[in-house]
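Below you'll find the structure I mean.
Labels run A, B, C, D and E following the written order; every chain starts at residue 1.
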Amino acid sequence: MSAAETAHRSVVAGLPAPPVTPLATRLSRLLIAALTVVVLVFCWYEAEMNPAQLVQDAGNMATLGAEFVRPDFTDWDVYFNSMLETLAIAIWGTLLAVVVGIPFGILCADNVVPRWVAFSVRRLMDCCRAINELVFALIFIAAVGLGPFAGVLALFVHTTGVVAKLFSEAVEAIDPAPVEGIRGTGGTWLQEVVYGVLPQVLPLWISYALYRFESNVRSATVLGIVGGGGIGMVFNETMRGFLYSQASAILIIVIVTVSVLDMISQNIRKRFI
Amino acid sequence: MSAAETAHRSVVAGLPAPPVTPLATRLSRLLIAALTVVVLVFCWYEAEMNPAQLVQDAGNMATLGAEFVRPDFTDWDVYFNSMLETLAIAIWGTLLAVVVGIPFGILCADNVVPRWVAFSVRRLMDCCRAINELVFALIFIAAVGLGPFAGVLALFVHTTGVVAKLFSEAVEAIDPAPVEGIRGTGGTWLQEVVYGVLPQVLPLWISYALYRFESNVRSATVLGIVGGGGIGMVFNETMRGFLYSQASAILIIVIVTVSVLDMISQNIRKRFI
Amino acid sequence: QDVKELNFGFISTESSANLAKSFEPLLKDMEKAIGVPVKPFFVGDYAGVIEGMRFKKVDVAWYGNKSAMEAVDRANGEVFVKTAKPDGSSGYYSLIVTNADRSDINTLKDVLDCSKGYNFGNGDPNSTSGFLVPGYYVFALNNVDPQKCYKRVVTGNHEGNLLAVANKQVDFATNNTENMTRLQQTRPAEAAKIKEVWRSPMIAGDPIVWRKDLPADLKAKIYTFFMTYGRNGTPEEIERARAVLAKTSDGWGPFLASSDAQLIPIRQLELFKAKVKAQNNDKLSADEKAAEVKKIDAQLADLDAQQKKLPAM
Amino acid sequence: MAAALEIDRVSKTWGSMRAVDNVSLRIEPGERVALIGASGSGKSTLIRIASGLALADAASGGVRSFGVGVQDKGRLSSEVRRARRQIGLVFQQFALVGRLSVMTNVLVGALGRMGRLRGTFGLFNDDEKRTALAALAEVGIAQHAAKKARELSGGQQQRVAIARALVQGARLVLADEPIASLDPKSAKRVMDTLVTMSRDHGIALVVSLHQVDYATAYFDRVIAMNAGRVVFDGPSSRITAAFLTELYGASAEELILPSQFAVPAAETLAPTSSEPVS
Amino acid sequence: MAAALEIDRVSKTWGSMRAVDNVSLRIEPGERVALIGASGSGKSTLIRIASGLALADAASGGVRSFGVGVQDKGRLSSEVRRARRQIGLVFQQFALVGRLSVMTNVLVGALGRMGRLRGTFGLFNDDEKRTALAALAEVGIAQHAAKKARELSGGQQQRVAIARALVQGARLVLADEPIASLDPKSAKRVMDTLVTMSRDHGIALVVSLHQVDYATAYFDRVIAMNAGRVVFDGPSSRITAAFLTELYGASAEELILPSQFAVPAAETLAPTSSEPVS
């Protein structure tokens, strides 16, 4: 079965040896590897990692975990309403973020805009993500008062920073050929994006948008501040009250919601792949 | 300049008209559009959206925002140490999540594993994401006690759910041709993944991993529970004490960290695109 | 200006859904009494309510003692009544608790024994009962620095600390009576594993704060409502109102009059915290430290004087 | 001995369109066959079905290679990986991994013969590397071994795909238009390599081609497809200008056909009747 | 009148390799030129430079089309989009958007002539749709208009790429191996379409080809490249078997060359001396 192999081996003698990695590259790789190990070890101690303990007291986890397997749906109407409220806020917060995140995401991708534009817009988006939602929430409360609207706005700004980053990194990973196809026809920059870039990144963009929607639904921080209610807050309160049966009922609702969103995401993406 | 155009127009007469979308498809599209609008409008009211108010009291935002532009770095050493601690926890939490997320992510992608496998693993990952970090934190506290290690574990489980989802959706969007190239040589399933899938998704995977690392650095929830300290908690405390000058100093540190991570991400991805 | 709608903020420390339901009848009655619709907001984090009050987006709010202090200082708020129990008492206690099995820890003296290398679960630095009160009465007054005294000090919220004590992950931890009561109701098994070692002086009941610059007539109506609710009217009305109050939050009685003065003990604790911080601040020179401490001492003395001037409430 | 490739009543439908229509074929070990047919006649689809990359319709029969099952009734056989290991494939659109080096793309061909673990971790030994380089030299692009695959010119990429199939050491090679993007010299070199390899080691060879002159020059047996059906299967000597005109379209247009069929027709050719087969 | 394409001392280096080496060219409006050369000789790179998709080295001169600048000294001209609008391109590897329909892929060719906004939102009017369908019919794949581009066979995709260039209504068409994956009939049809279009509307045409017989049959002027340099630029009648042997490689191997150069040489051909140009 190695017929062809033998055939070729005869030719081999006179050929150059396979390319070897130069010493400098090897050394720098070694250095990076060594550095990585040092950082990891340092962090291991800093984070007080102790896997043995985890195994040793695994029984405790089971004991605690068991308390979450008796969901108590008595207050289901409360949960349901909070979930609706959360969904409403997350829908608008995410929608606005996606609408604004698309142009910003494209402006962050240095294969479609000049490098300095991408760099500046990227830093702006970094700020949107890095500045805590709490800050944005307070700022918006000052303008519109307590209530879900301030929550929508705070989610919006933060989510814009996230989706713009994710959108742009999908754009940077595309195959350039179709874009060149459009460019060759003399299409405008925007047309290159619409016909060359979008069809390639759409499945991923949909995935990101729905992922962020989902995580906005899950998140409680912002809604906790603006007083919008929401399932996250209700959950935190049940936890604070050690009402694990009720907490697990809420978790089940959240899990179902997340699963449904995930399936919707699957479904929509299928159409564009 | 429309020479060719005219040339073709003469041929056109005898040709079938361009394909028309069938009525059923159109109607169902219309229905979906109408439904979307209804949901959006409903959520608009539910979220008490009121853009006018935002404009009207924009001055308040400026007043509050201005309090954040006088950073006070007196306690920089505290911030710096908390940042280190946070980084240590986030590094291990994310690293473990990525290591575990890679196989799970691949098992979630229904273009590389049978549909029922992808479906089941996806639901498992949904749970990892949907179950609040608080719950995991408590469960791990029961086993390993308060401290950063419990934080690492809680971040780990949650982050696994996120990266596995994102990883798998990148896999589902790949070009099948190179994978078929490997398949054609009779490579094993794992070899198809290593040679056909990985090179295509690596830039995106790096992007996701570093994004999640960044957001683990930013997040405070888990560390607040396990008592690990961390920059997020210090920030929350300054905010709770209305020490906006100190809060803005911390924000600057976080922004710089996030920007550096973003640039590192850019850089690593470049090598694989 | 004209207030068309009264925004009422609630810092919810327990289930906001149940809280919202429990407040509904009270707020209905309030609307009727003051003639303006009342819009409630149940909020998990007080920062938003305080900033909202500062920018006139929140008119009245139910705070904890510490957050009320912030509201008074930053947001132009003023305490006007405080909550009370149906029996007329008002306030709660800070605790130090340990596992019921620990026969070796029974008194404050055991807790303060630095030779044993204990693990201590301290409260969130912003918690009045979990951090400030024990920090002052247990550690500061006895000149003990927990960081130096114990092998390990971990910071957790009330629930985390209770669990840690129940599971023997720490030797003792801070807490408060309200939280213990809740645990006894919801998880009696866990609560049975916990015993009390120390109890603080009483911490005043939760203050209700309004925006100082609300129109005077509205303020008058609000004040009247709070002070007469469950007290004035026909016996049926009083009975109904008391029933409403008893079902509100964790069971209230008629409100008690109060003023910013109720915050003086909290202010003292805060100042004390600042003093400790200044003393431990390595960045300050000895002179600067002394000056800072002196300034704080003066403020403390001033507060003391104010407190003494007040008639007993 | 089992046939190198045995296709039994196989069809493939996309929507309402039959890309492959009830095709049966048998290729003997060591046999060399050219596959011709108009664009869209189903050549690529047939090759993909033969290697189990496309599944035939459920109403189809089976596909076997050297007795090992590839697929049956539209379901992949459990032995398909073993079958594929002995089938070398050259894809029409190359199917290279653009972000990997040319060398790695070719080495991938050796995976089937390596230890599983070693293959998975890319620990190719010097022997395998030398074999890969030799294959690249054979098709004339050894000097590009270190480049990334997507940095090559079209014709160079095509030759990487061929080198990958060469390295595989297969007993049956299916090549889909392997010389489409090649200049005459490279095309000849590649065809010579393929045919020599086949002759010297008894490897069966199926090559789809648009250049009828190559088909008749290099192959004794020609299979012609039209609209998914096999319309001719016989010795290349029996192919006539008239048949080719019919094959590539019913219109009477003058075609550019290879020299031996030169269009000022009616010359020396002795067209042995062009009856289409089954 | 300005030249349809004017390339002035252009080079392109990848690392240490010169893909295009100091090439100067002038194509007149309405002229038809074949571009030949071995695989890797720089044909595609030259075409990409001519349309401003690749940037030449900084030490190069400029590229202009009908007087409109494309690039100069390795920097894109500000008018490049205007230049591109009058240049129709057929890519060697098609450069289609696989997830869009064939129809949309072809309509994209019309973008340059449409209102910006209308183009960006894909609001093509019936006229444009009919033109696109006509172009698809011209290359013989109108029935596949509604499919996604990646669902087509290789040759069908190639024809979509050609239809896109046809729809553009350009004054200069640069086609990179437009018939590589086509059967003889389709190849002839495509070449006929291109040449007729060029002849009827005075459109300049540059086609890179591997099939030397097509080059001599359809084009009066042939440019031959070798290792990045232009080694021949003259009438196709002056191409000889000896020159071709030299062009595609110095080795003395017998080549498969088109009929008129049939290898049992020394026949009727009157090779007008094959001196390579500049």
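Everything that follows uses one rule, which is that contacts are C-beta pairs under 8 Å (C-beta built on N, C-alpha and C of every residue); 3 or more make two chains touch, one makes a residue touch a chain.
According to UniProt, the chain labels map to these proteins: A, B = Phosphonate ABC transporter, permease protein PhnE; D, E = Phosphonate ABC transporter ATP-binding protein.
Computed from a predicted model, the values in this text were never measured in an experiment.
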Given over half shared residue numbers means same and under half means different, the subunit A/subunit B interface is same
Which two chains share the largest set of C-beta contact pairs: A-B
Distance from the CA centroid of subunit B to that of subunit D, rounded to the nearest Å? 44
From the mean C-alpha coordinate of subunit B to that of subunit C, what's the distance rounded to whole Å? 38
Subunit D to subunit E, mean C-alpha position gap in Å, rounds to 27
Between the Cα centroids of subunit A and subunit B the separation in whole angstrom comes to 0
Mark out which residues of subunit E touch at least two other chains, giving numbers and ranges. 86, 93, 168
Interface hub residues of subunit C, defined as touching at least two other chains: 45, 47, 51, 55, 157, 167
At which residue positions does subunit A touch at least two other chains? 60, 134, 138, 142-145, 147, 236, 239, 273
Listed in rising order, the residues of subunit B that touch subunit A in the complex are 39-40, 42-44, 46-50, 53-54, 56-58, 60-61, 63-65, 68, 84-85, 87-89, 91-92, 95, 122-123, 126-127, 129-132, 134-135, 138-140, 142-145, 147-149, 151-153, 162, 165-166, 169-170, 172-173, 175, 203-204, 207-208, 211, 214-215, 218, 221, 235-236, 239, 247, 251, 254-255, 257-259, 262, 265-266, 269, 273
Sites on subunit C touched by subunit A in the complex: 7, 9-10, 12-18, 20-21, 41-45, 47-49, 51-52, 54-55, 57-58, 157-159, 162, 167, 182-183, 186-187, 190
Considering the complex alone, what residue numbers of subunit A touch subunit C? 60, 75, 78-79, 82, 134, 137-138, 141-147, 150, 220, 224-227, 229, 233-234, 236-243
Contact residues on subunit E for subunit D in the complex? 14, 36-40, 44-45, 92-93, 141, 151-156, 159, 177, 180-189, 210-214, 217, 244, 248-249, 253-259, 262
Residues of subunit E touching subunit A in the complex: 51, 53, 81-89, 91, 93-100, 104-105, 108-109, 111-112, 116, 119-120, 122, 161, 164, 168
